[in-house]
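Labels run A, B, C and D following the written order; every chain starts at residue 1.
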Amino acid sequence: MGKHVVVIGGGTAGMEAAGQLAKEGFEVSLVEKEEETGGHIKDWYKLFPDRRNSSEIRDYLEKKVTSKSIRIMTGTYIEKFHSYRDGFSLFTQDGTELKADAVVVATGFDLFKSEKKEEYGYGIYDNVITSADLEAMFRKGKISMSDGMTPKTVGFVHCVGSRDEKAGNFYCSKLCCVTAVKQAIEVREHLPESKVFSFYMDMRMGGAYYEELYREAQEVWGINFIRGKVSEASESINNKIVIKVEDTLAGRPLKMELDMLVLMAGMEMSEGGNRIAALSGLKKGENRFFAPLDHHFANNLSNVKGVFFAGTCTAPMNITETISHARSAVSEVINYFNNTNS
Amino acid sequence: MENYLELLKQDIRFEEGLNACMNCGVCTAICPAAEFYNYDPRKIIDLVQSGDNNEIEKLLKSEEIWYCGECMSCKTRCPRGNAPGLVIMALRGLSQELGFFVESEKGRQQLAVKRTVGQWILDHGYCLYLEGVGTDLHPEQGPVWDWIQDNYREVFHRLGANYQGEGPGILRKIPVEAMEEIRKIFEVTGGNRRYEKIEYYSKKKAEEMNMKLDEGIDNEYFRYIYKTNNGSHTK
Amino acid sequence: MKLEGKKAIWSEYQKEIADDRFFYVRSCVRQNFFPGSETTFLKIMRKELMKDIYEHPCHTTCTGIGYHGDIVPVETAMTVVARQFSLMTEAGYENLLPSCITSFGLYTEILDTWHHFPEVEEKIRKQLRKATGREFIKPKNLAHASDVIYKFRKEISAKAKFRLINKNTGEPLKVVDHIGCHYAKMFPSKGIGGAEYPYVLAGMVEEWGGKVIDYPERRHCCGFGFRQYLVQANRGFSIACSKEKFESMKPFKPDMIITNCPGCPMFLDRWQYVINEMEGKRYGQNGESIPVFTYEEVAGLVLGYNPWDLGLQMHQTDCEPVLDKMGIEYDPDEKYNTSIPDEKVKIPGLVNV
Amino acid sequence: MDKFGFAISKGRQIDWEANNRKVADFIRENEPSFKLCIACGGCTATCTAGKFTEFSLRELNILIHRGENTKPMNDLKKCMLCGKCTLVCPRGVNTRNVVFSARKAFQIFGDDAF
């Protein structure tokens, strides 16, 4: 066939899509703004719910894009995006033109910037960290406070930047609950003496084996789950994080001192995605992610013919869903060429 | 029985203060009243949004709606953009409108607020009236306040006040024409009506409780509502 | 604690504050409890900063305490406020400058409601017309008096005779800044620094040499709660709130408290006296209480005004420890001197608490 | 009180640091399924005692876990050990044994439970 498809974004969705496209015989350019492919998966330690090492997924994806028909362009981003009747012309920052017969947008998500939830004091109080910061600590194999000491009490705050009008996001990021459970278990694994608390509004364990992980967290690891959204954090004279929350099941306010507070940052449309949206005229939804033509049966199609969406640029998804979504994007690309050829 | 939810919706503050609540408890977590009273703004919002007319009537007659201090800390934090404090204000307004406020110890205190602050606004144009805030009603003002009140002309004079004087300045006498305008505004906008309702229902309640309620603040019922705390409001 | 994090937030919450030609509306609580503060404010504005600031003799209370005491209906409060606007229009001013935080909050709330519900504004205009025949133009700029002192904090600093520095140690004074709830909690964008880390007072303190303390109950209300203080039976709540703050700030050893709301300094001042009377507890250093100031008083001290012209004698909790630390000389005998010749100086019974 | 006409209110926050969770630890040790509660309220909905009193096993579980033991100790007497709660619990908590263990804990610890 020899058709050329540009895939924008070299994370899970982009790599999976590129690999599948190559398998189907397309010429593929995989454009990634970072110096390395892999996206967020590079930053994770172990994956939920089975807690396999994230490097296994990364290895799988790396193998997927070894085909000769995939040209990987890291450190590259798109500066111009022109649509023509019979294809697209994209220009990278150094003026290189990429002519494409179709484009797959796989620009992924950004983590919510937790400093925007001012009341939690991220970036102000030393031992308020994000789920991503904790993941980095796991990868280093050492969980420590700013003074190098080991925390004895750790709290997790769910829904940071999700389900929150004040943060500008009405939606649920869907994966933070299970991530919090996973990380809570891992804290207990690393620090068996520690006490771990999880402050949630609803435990949204809607994936295969998620609820089981939650149960394990209670049964095996003794994680304390307290139903209430943390209202504020502050710092005591002893450098402890003082939190205020309502224990809604007891119907009373609760005050607690913690050594470390972990903010479960939600998922947002990525900056890269926003840039592409501005260049290309691709539509965004009210949640600011890209808006597929139809959420039920055209979830990979966009308002621009020949441009397809793959992965979390359309909504929060886990890795399984991202990979499936990338594959279905490829099947839509195939349909597209079949229809335009005939 | 009236539809209380519909009545509440006529209050602009109710419209501003209540979207859909998801019971996260962020308001109760930092609510000063929830800390020191048997009070949970989350539950009140949840009850109101349920629309259960019987339950709302109970609420309008309850102690609970009078615990809030209207600091509005709840509004800062609510992830759904609600303001429980504004909803409370609407509930209190309706409770007084319907005469339900006299059914609770805390609600009955509205007469005390009306006969002090309320009266001072109409008589003097200020929410506070120096000579009305003595250490008899306000012992916590301490010895310095006795000294100030004993020497108020000199103390206020030294600090540049224009006590009861003409023209601008601190605690000046507000001109008669200006006071007339304020009273007219109260008449036109329902301020007087609110005052009259508070008086009317309080007098009925005083009779029912067999207590003497004359004009002003020097009477049995006023002293009772001003001082009584049956101790059931806190833990 | 990382200050850069706060600075990033502060930079996001800057608001427009008029430069000159202010229409001043007074505070009921300030006038009764801290008259020296309003006098000092006007003196600073007129004599130090050479600003045009006008006070209309016919302005009244905004009814804020009555409104939040729930005896004044919202439309009545709105119409009284509309009348203040009308006085401002009549006097040819556009920049409204309330002395009171409750008023500032009420004005902000009303303007916001009118913005979202224009039909309410129309109704209020009609009612005001009917009651008084008045018309009005809404303020072009609304700033609290503390916003203006914040804006001109550097000019004040340039004229400073004293700084918030312990003259014996050379260390900055440790200052608790307490912000009135209605300053920014309802509308964070209307406060300098926002609702979570307000900078309005912190900015003054830093500029004048002091160091701000961040303690866990920093955001807690002083406990006024309107009806919760106005009625004696409820004051156990009111004092409990302040006590919670004192307990929380004590380990940080504050030298003083600075406030921008009219009521808070009175409560933080008086409740220290009451807690000491009830429980024999004090929260300051060396067995003293923590002196509490209005921002106008602090500005006045920095500018070298006589403490007794500022009205520090009206505090129940002695302010002298701070005066001593700053190296301000004062005449103790003058404190309770009522300055009427031939009259014996009267000294209040138990003031030294 | 007399001089000022009021007493300083006491807080009703759950103070995690101040509370004593001995009873919770004892029950968790004796009946590990106690940890599995997800506060669904199934037990309370079906509770025989709850029909006639304010007794709520769901609440009791939460309060004991927080170390708020006064109310649970008094409430425990109301349970009639009918066992309906055990039948409905979606997490298989042995609720009867939770109640037994709780009663035992209060007996053993006495005043030290608070």
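Simple rule for what comes next: contacts are C-beta pairs under 8 Å (C-beta built on N, C-alpha and C of every residue); 3 or more make two chains touch, one makes a residue touch a chain.
Worth saying up front: this structure is predicted, and the values here are computed from it rather than measured.
Farthest chain from subunit B (centres taken as the mean of C-alpha atoms): A. By number of C-beta pairs in contact, A-D leads over the other of B-D and A-D. Our note on geometry: subunit B versus subunit D, Cα centroid distance of 38 Å, whole angstroms. Centre to centre, using the average C-alpha position, subunit A and subunit D are separated by 40 Å. With centres defined as mean CA coordinates, subunit C is found 46 Å away from subunit A. Separating the centre of subunit A from that of subunit B, both taken as means of CA atoms, is a distance of 49 Å. Residue positions of subunit A with contacts to 2 or more other chains are 119, 227, 232, 247, 252-254. Within subunit B, the positions touching two or more other chains are listed as 30, 34-37, 76, 140, 227, 229, 234.
Across the assembly, subunit C contributes residues 195-196, 219, 232-237, 239-240, 244, 274 that each touch 2 or more other chains. Taken chain by chain, the contacts link every pair, so each chain touches all the others.
Of all the residues in subunit D, the ones that touch subunit C in their complex are 1, 3-11. Of all residues in subunit B, only 22-31, 34-35, 40, 42-43, 76-81 touch subunit A in the complex they form. Residues 119, 159, 163-167, 201, 227-232, 244-248, 251-254 of subunit A touch subunit B in their complex.
Across the complex, subunit C is touched by residues 115, 118-119, 121-126, 232, 234-237, 242 of subunit A.
Contacts from subunit C toward subunit B in the complex involve residues 26, 28-29, 31-32, 35-36, 38-39, 55-61, 63-66, 68-76, 78-80, 83, 105, 113, 116-117, 120, 127-128, 130-132, 134, 181-182, 184-186, 188, 195-196, 219-221, 223-228, 230-237, 239-241, 244, 270-271, 273-274, 308-309, 311, 313-316, 336, 338-340, 343, 346-351, 353.
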